[in-house]
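Just dropping this structure here.
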Amino acid sequence: MTETKADPSPLLCLAGRKLDSRLLLGTGGFRSLELLAAAIRASRSELVTVALRRLELPGANAADGASRGALIDVLDAEGVEVLPNTAGCFTARDAVITAKLAREAFQTDLIKLEVIGDEDTLLPDAPELLKAAEQLVDDGFVVLPYTTDDPVLARRLVDVGCAAVMPLGAPIGSGMGIRNPYNIALIRESVEVPVVLDAGIGTASDAALAMELGCDAVMVASAVSRAQDPVAMAAAMRAAVEAGLLARRAGRIPRKTYATPSTPVAGTPEFS
Amino acid sequence: MIVLNGERREHRAGEVVAALVASLGLPARARGVAVAIDGEVVPRAVWESRAIQEGARVEVLTAMQGG
Amino acid sequence: MTETKADPSPLLCLAGRKLDSRLLLGTGGFRSLELLAAAIRASRSELVTVALRRLELPGANAADGASRGALIDVLDAEGVEVLPNTAGCFTARDAVITAKLAREAFQTDLIKLEVIGDEDTLLPDAPELLKAAEQLVDDGFVVLPYTTDDPVLARRLVDVGCAAVMPLGAPIGSGMGIRNPYNIALIRESVEVPVVLDAGIGTASDAALAMELGCDAVMVASAVSRAQDPVAMAAAMRAAVEAGLLARRAGRIPRKTYATPSTPVAGTPEFS
Amino acid sequence: MIVLNGERREHRAGEVVAALVASLGLPARARGVAVAIDGEVVPRAVWESRAIQEGARVEVLTAMQGG
Amino acid sequence: MTETKADPSPLLCLAGRKLDSRLLLGTGGFRSLELLAAAIRASRSELVTVALRRLELPGANAADGASRGALIDVLDAEGVEVLPNTAGCFTARDAVITAKLAREAFQTDLIKLEVIGDEDTLLPDAPELLKAAEQLVDDGFVVLPYTTDDPVLARRLVDVGCAAVMPLGAPIGSGMGIRNPYNIALIRESVEVPVVLDAGIGTASDAALAMELGCDAVMVASAVSRAQDPVAMAAAMRAAVEAGLLARRAGRIPRKTYATPSTPVAGTPEFS
Amino acid sequence: MTETKADPSPLLCLAGRKLDSRLLLGTGGFRSLELLAAAIRASRSELVTVALRRLELPGANAADGASRGALIDVLDAEGVEVLPNTAGCFTARDAVITAKLAREAFQTDLIKLEVIGDEDTLLPDAPELLKAAEQLVDDGFVVLPYTTDDPVLARRLVDVGCAAVMPLGAPIGSGMGIRNPYNIALIRESVEVPVVLDAGIGTASDAALAMELGCDAVMVASAVSRAQDPVAMAAAMRAAVEAGLLARRAGRIPRKTYATPSTPVAGTPEFS
Amino acid sequence: MIVLNGERREHRAGEVVAALVASLGLPARARGVAVAIDGEVVPRAVWESRAIQEGARVEVLTAMQGG
Amino acid sequence: MIVLNGERREHRAGEVVAALVASLGLPARARGVAVAIDGEVVPRAVWESRAIQEGARVEVLTAMQGG
């Protein structure tokens, strides 16, 4: 009920959905589908990303086609919604085609748009990203772009109709946390749509900080799937996002250079 | 000849997309599957009717863990 | 059950108690006893600090004596254990007398030992603190000293028999967070007893970080009592401590300068 | 005269600690109360017997929010 | 001669010039032209920025036209080269026109290209910046773009022919220092042209850090002109840039978690 | 003359000496006495530390005794004053004896007092340090204690008569820089004697920051002696200390969240 | 009428750019001065010949401290 | 026997500190040299007169790079 006091609508409105969870989960990097399923449950995420890749042709590893089919079955069984991504695309053109294929494959208008500009850092390519976003919005997609922490670019993406922005904290899989919290806060001030911190999260305090900075949700993949205990880390991230959201709404004390006694000085006894 | 997922493969005259997909062991209307020919999406609605031409570059994609 | 998997004994053994909660709560700064009671419930803390001050003499604010009696009643009603402190003491002598009075007043051998060396920062006075700790341990107290983030001093305090150490993250009430995480981690390596991060916590991510650094528990006072919504912040701190503990046990991914794809490159289609 | 919590106050000959505490409106054996005289703790066990001497510096302390 | 040892060519090759100084100075914010002249001398800068603004029409402040003429005279007298900027432009079109006017006014092909995307932060607008850069390079300008700390955008700017990149450390005039040192180092790795840290520098250690991160030069304006003693701060920045360059070339010791004795343990006497 | 304006007495008054240089240099870790001599010249340091160790007995490495004699000769030749240290002492008793031996050996009342509390971090032992300082001051020494970054301990050391305090930025030889700048600034406010940042410096920007925080001087050893090019790093540190001192005296601009134009908006032309 | 640096001003028939610049108290070929008309740069080479048309939007710019 | 810098060594009856120092190849009044016996400093003033006793623990120290 504190929640209610702090905020009449605790739900996250994202891409036209109303979500209880502020955590988006990536499916990459899990050692097994069983671990993935358990992590989804522990995270309580309602929206998980998947990629599109070439079907292994018969003669190749047979189990594989099976496991791929199984992926969708697992997600359906867990009752989560699929958020396809365009991972691996280096041009607007490839990203747009991939998004359209994803729409066919998953019958969804949601797309996590990634247009990468550098193989080592997997950082986004601002101009290509903006171009692809514009085309996909025009084509009726609900576009969630993976973007840099540049507040101006974030606003341009919203101006062309993106449903949210997903700025990075640090390079994908780096676990470096939020390298420039200041810019994330500026992005929050710059746009009206939901801000989802994407990429760079390494541990729970990173996720809590993202929410405290004003993000509406946090996306985690490697931080959970590649942790020694992915299920425990999924639970940690769930709790961290809740903690950060509660703290932001609770209104933290200001930072001060000197101390403020938590015990009054008045009434201090004298023993000599 | 066609190029399927980057591999050269014999062309079966008149083969439609649905048949190709089935030949790869995928159930009809399998979720998580999409097909592109020569860089263009092939909507599921036309899988039954759309014939694959000699020389076509075909991509058959499925869902996998990612992102 | 993740908990159980991650750690067979999730309980905190502190001062001979077995505690479910990793959060210690200070009672100072709450605007009313009702808020204090609600915050205790939201925090799920089992151990809360109180101070000893002069009784207001009759003729002075009458309500006061009442409210003071009421404080103990509230703590009893919430079923928490009292941890008296020696706040406001600037010498070992005053701290020792205050501890003995607290033992009489609350019939407990627990004492949160504070010996302050500076009025502006309320930072501990290392030599006086060590002297007082030694005397109180000899006198049978279970001593929890509020100390600096100096790993050597922490070990000296343990060497003289302290049951735990409570290093500061930043000055009391400053909300500055953990100014030197590196030293907190060194303290964790230096001693066998529980480490309780005390002072400086401003928001949830600070508390999560403390646990990730290896602390066994976190103490919060002003961060909760002076927040705009103390009850919501108490819940935030509870979740943050849980998140940090889970994350530490889950085994985080290493930090890396460059990116690691969360989506495999293999099988990337070619559209031209 | 005695000094009670820093304030000068008339000394009542033979007054014991328990009586002084009661005179301050505190219930007998009230939890959260402690007494020091001349910088020394007065254990509850002796509140009934320990008389307050002329010129004593008495501190009567109670629990309050802190820490 | 250390210099020589460390680097055979200590000169900065920037925009076809060979410069002894690694410091670029902005002329904005100085309280008088005398202070500007003294600061130029103290900074030893060889390249200073100027803006183009409307001539005050007669009847308006007469001294003004004079002082504006005087600005060029001061720069000529100090023997520095003029680097015109496009400050205040919010579109590629305005920036291109302004650059062409600057070429007419100052008879130089140098242009510090600024295309701003937000009035509060004065952060660059990536797509407009790239567009303007491309047009100006095609028109024969030597383009030095003020850009974000995005390594991918920096490379795009170099790909279209920019002679250097000038990434920001923090917003113009904020004095926030280098918010994301990690990205500045990535930019250094991403491009072959000179990298000039621009905007955000507040004090000397910021400038030294920029050079240590691999920057070839540092641009300062407000940090010097609005300091309480601009001339002293100009000297501080000159020394800081030299210090950072020397340190980078000297090859710093690695960071380590624990200590390494600077005094050998061997031969320690025993007194008991 | 800016100097003069900023500060009538630019000299550092330390331990009764008037020094032009703000840099103290450690002699440990240099690969040869020639490098040491060159580094001293490049650093312009006037005060360098030496240790006392057992003379190698004949039959052992003969060159050694020679080289040790040579050390003093080198320091005399460079015209620097010797500051003996008590490195390697773990008790007040050993430190006091070592200080007295140093006084005999070098005929100086100066002593850099080190009392170490932990072998891995080489962090000071606060209570033993204070005890040794008190004894040495009583015995007429001019005591410069290597201490933690605890402001209260620093004041205690000054209260017993230390001529300066030498707080650490990070463990000796770690190159971690200043882990808690906040405490260094507090120390500056807490004491009247000179504050010399000691230990932890890794590169030039660290040294500049130390001066900006209010330190009167900086001590470097491993950062210079173990750098790839010790002579170049010595020059870098000299310039960095100068830069930091100038910047502090110049009065830096305040940090601000948003931008302040360095080019006036008034007079911006309109082209359409 | 023309608009000079945003201010309406009477149009002098046949006035060339050089004349206008001179009328503003600027020395001929003054460094740091540039002129745009209707959003187009006017090169110094044509200041003497280029006449200002009725309704022209003229910008006369000079160097100022900045950046 | 004496213990010199941690090593056992034969005791020469009546040997004074100055003689021991000289025997180690150090010039008289060499700078940077100090001597302790049984944990006590031996001032240079008494090197000539102070005899080393049987069983003494002697430390002869010299300056070395450090700190």
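Per-chain numbering from 1; labels A, B, C, D, E, F, G and H assigned in written order.
Here, a contact is a pair of C-beta atoms (placed from the backbone, for glycine too) under 8 Å apart; a residue touches a chain by one contact, two chains touch by 3 or more.
As the structure is a computational prediction, the values presented were derived from the model and not from experiment.
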Between A-B and E-H, the pair with more C-beta contacts: A-B
Distance between chain centroids, defined by C-alpha means - chain F, chain H (Å): 32
For chain D paired with chain E, centre-to-centre distance based on mean C-alpha positions, whole Å: 72
Rounded Å distance, chain D centre to chain G centre (Cα mean): 93
Rounded Å distance between chain A and chain D, as computed from the means of their C-alpha atoms: 62
Touching two or more other chains - residue numbers and ranges from chain A: 26, 28-29, 51-54, 85, 87, 97, 121, 123, 176, 182, 221, 257, 262-264, 267, 269, 271-272
Touching two or more other chains - residue numbers and ranges from chain B: 5-6, 36, 39, 59, 61, 64-67
Set of all touching chain pairs, with the criterion as stated earlier: A-B, A-C, A-D, A-E, B-C, C-D, C-F, E-F, E-G, E-H, F-G, F-H
In the complex, chain C residues that touch chain B: 262-264, 267, 269-272
Complex contacts: residues of chain F adjacent to chain E: 2-3, 5-6, 26, 28-29, 42, 51-54, 56, 85, 87-88, 93-94, 97-98, 120-123, 171-176, 202-209, 212, 221-223, 225-233, 235-240, 242-247, 249-269, 271-272
Chain F residues touching chain H - in the complex, by the definition given at the top: 26-30, 36, 49-55, 57-58, 65, 68-69, 71-72, 82, 84-85, 87, 97, 100-102, 104-107, 112, 114, 221
In the complex, chain D residues that touch chain A: 5-6, 36, 39, 57, 59, 61, 64-67
In the complex with chain A, residue positions of chain B that touch it: 4-7, 24-26, 30-36, 39-44, 59-67
